[in-house]
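You will see subunit A twice below: alongside subunit B first, and alongside subunit C after that.
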Partner chain A sequence: MSFNIFKINEDLKEFMPPEIVDLEEKATWGNPKRGVMDLPYSKELLEEHSLCAGCPESAAFRYILASLPNPEETIIVNSTGCTSLVFPHIALHTVHSLFGNQNAIASGIKRVLEWRFPDKVKDVIVLAGDGATVDIGLDCTLQSFFRQEKITTICFDNEVYANTGGQESGLTVKGHVFKMAPKGKQWDKVPIWQIAIDSGCHYVARLTVSSPKKVEKVIKQAIYVAREVGPTYVHLYTPCILEIGLNSDDGLEEMRRTDKERFKFFEYMTDEAKEVIQRKKEEGLI
Partner chain B sequence: MAKLGPSSYSPYPVAMYESILNPPPGKALMYDEIVDEEIAMREAAKAMLTRDNPTIFPGPQVLYEWNEEAKEKARLVRRIADTLGAKIIPMYDYRPKYPKIDPEKEINPNHPNLTIWHNNIKACIFVGVHCHYANVALKIIRAETDCFTIALCGNAGHEDAMITLRDQHTEELEKFIRVIEEVKRELGR
Partner chain C sequence: MYYVAQVIRDECTKYNCKQCTLFCPEPNTLMYTDETHHAYVLTERCKGCALCVYVCSNLLKRDSIEMVYAENRDVAGVR
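Coming up: the complex of A and B.
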């Protein structure tokens, strides 16, 4: 694919809507140093979103899309859930997978791209909810880790099946009551970040999205390590304000609160990952 | 089905079910007939010059400057529009659009009928739209509207269009412009 794919032909430019012209003129392409600090000044790769007002997933999306080091050569594979409704608004190649299959599909895409474009860097990222990543898709998620696929998996953990109206998931905390889990969950939250480490991920991070700069750093590290070494996993707490009964402006407070407890920043990296991250830091890319 | 006017929605590839196939190389398809390219071009020009609100829907392959041919084709599409006196409404990408599209400024392959209804378009040209989405959009337009559809296709054509011209590259587009000028003269425009 040519980078010129984003350049509009002069002869037809006047017929293009302004948001598309902006993508050519004001978005940050071809600059691996792009990041969340560009957000106020540049055209975002997310046009608008279809999530509930104030949903922390929307903030997570903006930070992640602003942090991709190579958006023009990035493919995001997603799964069904609240997040999937946002993908049509994203100005990147995205592939919607059958619920739970996202890591298997991403593995295939990554392998084919490596074969088809051996001299290009192509990043493949999975972005899915907790139900997709840890319940129905757990098999595909872990198998991709075991096979050492060079992909980054990002889980939006809102601790519930939000899109289908509030069923408990493996990542719901013990005792939590939801509309469709009236007796309260009877088992512990699955420690998927630990399972990711045990299953062969080279970089794992767990955090909330309360701090944009922290999200940027983690995402860049995860992508650079996946490119060179093997699977990486990023676990983001993006509370479902609707299902836990918070107001639109309460999401950030909820994340700040849990920053100090359940979702205290946690990071793991193998020696190979450390080497990559150190090198990228020296290059000024992180 | 090969006729003009709403065919109502069918989950099947309607034209193909009626044994309407794409034309062989060097030929064109007009309704359900294989004809010479020149004849189809003249009919296409006539439809665009005589029906209400003629509009060209350029797709990503001509909208974006991804190679030299695309650049040249964009120039020619613009000339075709100017010669025909047709409007241009782009199909700049294929993402389903929520909550709604602006039918005055865009056409989306997932509900192209909205743009056609809103602007009362009675003849249109698809050019530079990737095959799969052209097929989807043309099928929906045929199902829902009485718009006369013309495909200027760089590959094998689209049997769901009323006129399909295949292997259309810069040379063929230039020829189409000459044909339009001729038909215009004949119509006394």
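Coming up: the complex of A and C.
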């Protein structure tokens, strides 16, 4: 995959859909300093999709895709869930794995790419829901951490199995009632960010997506550290407004509220990660 | 019949803002032009969530974007 894949034959340009032409002419490629401040002007690497109106996951996708330092050489692995409704509309190389297998697939892809293209920088990123990351895929998630795979794992925590209509997940808060969890959850929310630290991640961050610039910084740091050091983990609170009964314009307020409590910004990095982040800051890339 | 967002251009140009363009959940839906200094909505992409109104009116107190019936919108998306 390279930027050249989006170059359109001049003779055919007049027949191409405008969105495809925009991808060549107005998307930000080949610039590691790209970021969320491009959003008001540029063509995004994302097209119209079917997530609910006002869904914070949609905003998270915009910020993450705008922040990738190396989109033309990035492979994103995803799992089933609301997130997977967006993947067919992403203009990058994406792989839809079997539910729960995402970190195993990403580990394999990263290893093969390192072997096949030793001179190229290839970023492999996992992007999956809380059910995929912490319940059904927990084995693969943790194994990729234990084995020091050089991938970035991003969890979209909406605290529920949203795509299947509202079952509780390991990341649901204790006591919470959902349509298909009528008695309320009996156990505590799994502190996966802490488990990620204990399992060998070199950079871990937990936040909501209420601040686009903060998401950009965290994503860049996680990707740069994964490239050079080892596994990184980013935990994003993207509330499912539908399943918690909020209106379409309430998601941001919900995240701003939890910014002060449950999802207060939290960041961890090892000394090796610190060195990479410091260097990238000096290079003006973060 | 449904609502879409529409920027009140004369209000929005008073600020050098762009905030709503970052918080709209939909890609390439709420954009900004430096030529005439205001945000604008690509109406056919707007899902009518009204988050932009929350950002502009509730958070920033700028009241420069509103929800209108899709049929009644200004065709250029601005007015």
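The working rule: the second predicted complex is superposed on the first by the 283 of 286 C-alpha atoms of A that agree within 3 Å, B and C clash if a C-alpha of one lies under 4 Å from a C-alpha of the other, contacts with A are read in each partner's own complex, and residues count from 1 in each chain.
Heads up, the rule we're going with is that contacts are C-beta pairs under 8 Å (C-beta built on N, C-alpha and C of every residue); 3 or more make two chains touch, one makes a residue touch a chain.
It should be emphasised that the depicted structure is a prediction, and the values quoted were computed from it without experimental measurement.
In the overlay, answer first, second, both or neither for which of subunit B and subunit C A:L92 touches.
After superposition on chain A, A:L92 lies in contact with neither partner.
Now for A:V190: first (subunit B), second (subunit C), both, or neither, which partner does it touch?
Neither partner.
Just subunit B (first), just subunit C (second), both, or neither: which does A:E253 touch?
Once the two structures are laid over each other on A, A:E253 reaches subunit C alone.
Looking at A:L46, would you say it contacts subunit B, subunit C, both, or neither? Reply first, second, both or neither.
A:L46 contacts subunit C only, not subunit B.
May I ask you to decide whether A:L113 touches subunit B, subunit C, both, or neither, giving the answer as first, second, both or neither?
neither
A:N9 in the overlay: touching subunit B, subunit C, both, or neither? Say first, second, both or neither.
Touch status of A:N9: first partner only.
By residue count, is subunit A touched more by subunit B or by subunit C?
If we count touched residues of subunit A for both partners, the winner is C.
Considering only touches as defined above, state whether A:V36 meets subunit B (first), subunit C (second), both or neither.
After superposition on chain A, A:V36 lies in contact with subunit C alone.
Quick one: classify A:R62 as touching subunit B (first), subunit C (second), both or neither.
second
Which residues would you name on subunit A as touching subunit B in one complex and subunit C in the other?
none
Over in the complex, which subunit B residues touch subunit A? Could you list them?
Touch list, subunit B to subunit A: 58, 62-67, 70-71, 74-75, 77-78, 88-90, 92-93, 95-99, 102, 105-106.
For the complex, give me every residue of subunit A touching subunit C.
36, 39-41, 43-44, 46-48, 51, 53-56, 58-59, 61-62, 212, 248-249, 251-253
Along subunit C, where are the residues that touch subunit A in the complex?
Residue positions touching the partner: 18, 21-28, 31-32, 34, 39, 45, 47-51, 53-55.
List the residues on subunit A that touch subunit B in their complex, please.
Contacts found on subunit A: 2, 4-12, 15-17, 20, 50, 85, 88-89.
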